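Next come the structures, one after another.
What follows is subunit A paired twice: with subunit B in the first complex and subunit C in the second.
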Partner chain A sequence: MSDLAIPTLQTEARRERSAIGSLRLVQTACILVIALVIVSPLFMLLIASLKDDRFQILADMGSFRAFWVSNPRLSNFAEVSNLSGELAFGRYLLNSLFILGCTVGAGLIVNSMAGFVLAWGTLRGRALVLSLVIALYVIPQESIIMPLVIMVSRAGMTDTFAVQIVPWVASPLYIFLFYQFFAQLPKELFEAAEMDGASVFRIYRSIFLPLSLPALATVSILMGIESWNQYLWPILVTQTDYARPIAVAIATFFGQDSIYWDRAMAASVLMMIPILALYLAFQRWFVSSFVGSAVKG
Partner chain B sequence: MGNRLLSFLMASVALGGLAEAKTVIHVMHQGDPGWVSTYGEVAKRFEAANPDVDIELIYAPHDAYNEKFSAAVMSKQLPDVMELDAPFLANYVWSGYLQPIKPLIDQDILDDMTESNVAQGTYPVDKELYAVGLTDSSVVLYGNRKYLEAIGARIPKGVDDAWTREEFEGYLEKLSKLEGVKWPIDTFRGYGIKTEWITYAYGPILQSAGCDLIDRKTWKSVGTLDSDPCVDALTMMQKWVKNGWVVPQSSGTNQFFAEGHPAALALGGHWFYAEAAASMKDDIVVMPLPKFGPKGASPNGTWIWGITTASEHPEIAGKFVSFMLKDKALRNYAKEDSAYPGLKSFAADSPLYANGGPMAVAFEQASKTAIARPPHPAYPIITSAFMGAVDEIFNGGDVKAALTAAAEKIDEDIEENDGYPPFDEQQ
Partner chain C sequence: MASVSIDQVRKQYGAVPVIHDVSMDIEDGEFVTLVGPSGCGKSTLLRMLAGLEDISGGEIRIGGRVVNDVAPKERDIAMVFQSYALYPHMTVAENMGFALKLKGQDRATIEKSVREAADILALGPLLDRLPKQLSGGQRQRVAMGRAIVRQPQVYLFDEPLSNLDAKLRVTMRAEIKDLHQRLKTTTVYVTHDQIEAMTMADRIVVMRGGNVEQIGKPLELYDRPANTFVATFIGSPAMNLFDGAINNGQFVTQGGVALPMPEGYQGATAAVYGVRPEHLSIVDEGAPARVIVVEPTGSETHVLAKLGSSDVTIVLRDRVDLQPGQPIKIAPDMRRIHLFTSQGIRTM
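Up next, the complex of A and B:
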């Protein structure tokens, strides 16, 4: 009986291994297909940015020639990297980087402080404030954009960097993200520091903030993407090249009558690089933050 | 040292005073990179010729121009000079944003305007001119010579010789069976409904069929947009879509000249010629729009220049507009861009549109069949309602129901605004 059972077990083990192997193969194939779907538009973008004939790019779209360049040129990149002139794309890119840096930097400080106070502060009615913050999150940006335009214009802030930074520094979503993160940290940490005579600000700065790298990374990336992709707001509140970001400049290539695919693609590639770098720099903590959130529910 | 510092400060104050003494003219415009650079250079030349004036250009992307304009209105920051899409002129004048431009523009420019250019800049109530442009626009029927020869199609010689509806539909059917043709026609559905394309390009099909988006005497849409000729015209277009004869929206706007030339005809704007001819060379044929009913019809109107009522220096603003329209470099750029002439002198200097030129038929349409889009303050609603209806119809909706709903929406808006006086008195 046992002699018979051994080969059966081995067969089953082989079957199981084979099933696992097949499953892995299917998984790998699925991942490859998904990766291809995600990567192919980016690859097409890169290839098109190396072609210097906008009509050819348009004609190639929809065929496999969109993924091939026989005579790659960097002339499009040269044209969208100038720092002066009527369309100083290099300048727009620097503007965007400055706006991104200030928004994310100020946003991390303001939102984390607000989140910390809501989680550990002694303010009366914290629960109510938190509910209001969450309620604010459901209001779409577009619905308040025109009143906001009037406000900033009356404050004399139009056509400045500040007008593109200040309104977006505090965000209900990021306050809530920080609140959630801080609230999950052990109470003992706060109490021990308090007993040692640390002020609330000191506890925030020296203990809680260094522990919140995943939250900081998540907010940096999300806020960075949001700031980087701002389009309508800068159009409405800027008049000249002085503080305009790259997203608005790229729209120049999509004219009424024709689209300048060559330069639009090169500018898009340049526009992608900083946000990709931001993601790569913070991805370890970003992923761990998401995994942590999932595990903790 | 102290004296030097004092002198420096005094000089700075004096220079600052001089800088402040300059008159600043704000000019809001749209356009692609070439136009943006060209306007910038024109502004510099104007400033060099008028050292006491500063031209501040405010660029807004084409797709977000209306939003930018709304923001400027709400924040009371209207520019002195603004570029505007011609069919929106009536709305802007009625709202009090634009002022009559005739006294502010050089007489030689006014005398140089084509009839269609005057029409696109004129407000129908007081018949005053509120905007002027160097260019105008039109839509023609482009054809692939090889395919047309293969089906033995007649090539029209001019506007009077345009295809009839029967001929046109017959050719579509033949082309649909021809090897190599994936779609008989590209009507540029790829432009989507965010642009003016549907009203601009398909409106003339209704007008040619004997109806319109709105009755231009009573300013009522019910009974006109949902009349039998309009229902018939859009049923015809819906049939083209159902038969698979039209390039779908998802296939973009390059199927006429893409590899293998999958679309045989293209109902395209004058600007399409440059990109199509660059790829197809002699294989491209430019034809007038077909006659779908009792008369021929073609669109007109483009981005033109107006001076706002907010301008504190309208004379200088007018001087800048005149300077710009005469600027040689700007005209040269417009010519390279195959811009459609709105000034006679510019037309005479544009071989593309001159007699015998490849786009001559497009220019011929301006004087023979061009019909401006409804010059009414409710135009923004008229165009959005019509575009929504066409979208619904192309997606298989009931033609009569969609057009009636659009017509009712237009009439409701007019009623809600008490007929947009004095348009309600124009019967």
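Up next, the complex of A and C:
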């Protein structure tokens, strides 16, 4: 009986191992396909930006040559990195960086303060304000954009940096994110600081804000991406190069009769670098924040 | 240091009253423990003292000054929380010096004060650590250090030992008592553990349902509980209580067992007969009982028995050889009998 049972068990174990092996193979294949779909356009973009013949880029697009450059050159980057002139992408990049820095910097302060007050303030009607904030979140940005354009043009703010920063500093989503983070911190921390003699602002600044690194990182990344990718709003409110961001400037390539793919690709690569750097810088806290919120429910 | 006076203090959440006209005076330098079961209002009362809860009525005075509308930071008190509430991103030294920093004291003064408090609590080697790098007992000491550094008029402790294991709790209990003896600062200490209350306090305030049941020195409460609630809450194992009535100079329990009454007892209203487990002994002639469980603890033996229809616990200092089901006879120490009315109020 036992002689028969042992080979059967061994066969079953072998079958199980082989099933697990096949499953892993399928999983790996799926991951590779997904990675390829996501990474290949980026790789193609990078390769194209290193080619200096725009007709060759077009010709290579339909074949594997799109993923290979035999004679890489940085001349495209040099051409688009000017601070003035026709291809002042250096300037547009700096404009975008300035807008991003100001929006994220001010956004972190304003949204975290609002979240803190909603979580720990003693104002009457906090619950109502919170409900309104959440309700505002469901309103799409595009639906309020025309009244906003009218408002800022009446205020004489068009074609400025301020018009690209101020309207997007306070956001229901980020206020709610901060609110949720602050609300889960223990009440005793607030009370202990209160007993120690801290004012409400000091409690926010010295205790709660330093503890909210994961939330700060999350909001920085999300706000940064949102600001960096702003397209519709800057098109409506900028007319000159003065405050034009890079996303809008790149689009000008595609409005011309003849598209300079080499320069467009180089400008696109330039546009990606800062936001990738921002993500990589805050990625650790960003991920831990999402994991933390998943665990704590 | 300062005295604390609580006068007819009330607290309501909406229409729900949680503290009913509580009054007590705490002397300068006294260690008072508020004790009671969960939900009795002891923590709420402490938080009202701290200024973390508004009061709905009455008056609280600290050092003779009415503080009803004074902000917590203006009350010159320090509080140690149950969860310690240490600032996780600050080192031990920063945690302890935070209040002084807020007062605008210079770095040298803060360092000196923190060092002194750290020496008192043996925290010197831990000053550069973060709270997450400390054990429960160490965190507890840092929380105390944070309070000491401020040299407040009153210390408030809100169940500070309840997160520690049993052994550490005993050690920290002694440390807090020792600290109070050295600093002589007025202390109000909340706990649900009557052993903690008994061992640490100069006076105990027993609370139930938002009312003060009795205020007194630990042994006063133990020897002369004002009512059946205090009688059973203070002391472990709890006092044995038997419902019944006085009949022909004896107390007859509802189960029909006669218990001896003290000679010359005049009050006729006694309806509850109380005797502590350690004041019962096994004798040749006494009330008949039957052993249910024998629990040897090493230093003493707890015997759970049936007296008529009631359970009775007997604590014996001697080691005894008793078996479950064995009939025994028990008798109370006649000097240590407690009698209560049917409402549970002490008559003797």
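Annotations for the structure displayed:
Note that in this section the second predicted complex is superposed on the first by the 260 of 297 C-alpha atoms of A that agree within 3 Å, B and C clash if a C-alpha of one lies under 4 Å from a C-alpha of the other, contacts with A are read in each partner's own complex, and residues count from 1 in each chain.
Methods note: a residue touches a chain if its C-beta (ideal position, glycine included) is under 8 Å from a C-beta of that chain, and two chains touch if they have at least 3 such contacts.
A quick note: this is a predicted structure, and the numbers were derived from the prediction, not measured.
Once both complexes are superposed on subunit A, the partners subunit B and subunit C fit side by side without clashing.
Superposing both complexes on chain A places the Cα centres of subunit B and subunit C at an angle of 150° as seen from the Cα centre of subunit A, in steps of 10. Legend: residue contacts after superposition of the two complexes on their common chain; A:E188 is shown touching subunit C, with no touch to subunit B. In the superposition on chain A, contact of A:L36 is made with neither subunit B nor subunit C. Contacts of A:I225 after superposition: neither subunit B nor subunit C is touched. Of the two partner chains placed around the shared chain by superposition, neither subunit B nor subunit C is touched by A:L276. Looking at the shared chain after the overlay, A:G62 reaches subunit B, while subunit C stays out of its contact range.
Once chain A of one complex is fitted onto chain A of the other, the partner contacts of A:I139 are absent, as it touches neither subunit B nor subunit C.
Between subunit B and subunit C, B contacts the larger number of subunit A residues. Once the two complexes are overlaid on the shared chain, A:T240 sits against subunit B while remaining clear of subunit C. The superposed three-chain arrangement places the nearest Cα atoms of subunit B and subunit C 46 Å from each other.
Overlap of the subunit B and subunit C interfaces on subunit A comprises no residues. On the side of subunit B, the complex with subunit A involves touching residues 26, 30-33, 35-37, 39-41, 56-64, 67-68, 70-71, 74-77, 251-255, 257-259, 269, 271, 274-275, 278-279, 303, 337.
Of all the residues in subunit A, the ones that touch subunit C in their complex are 186, 188-189, 191-198, 202, 206-207, 210-211. Partner subunit A is touched in their complex by these residues of subunit C: 50, 52, 72-73, 77-79, 81-89, 98-99, 102-103, 146, 150.
Listed in rising order, the residues of subunit A touching subunit B in the complex are 54-56, 58-63, 65, 85-87, 146, 149-150, 153-154, 158, 231-232, 235-237, 239-240, 248, 251-258, 260, 263.
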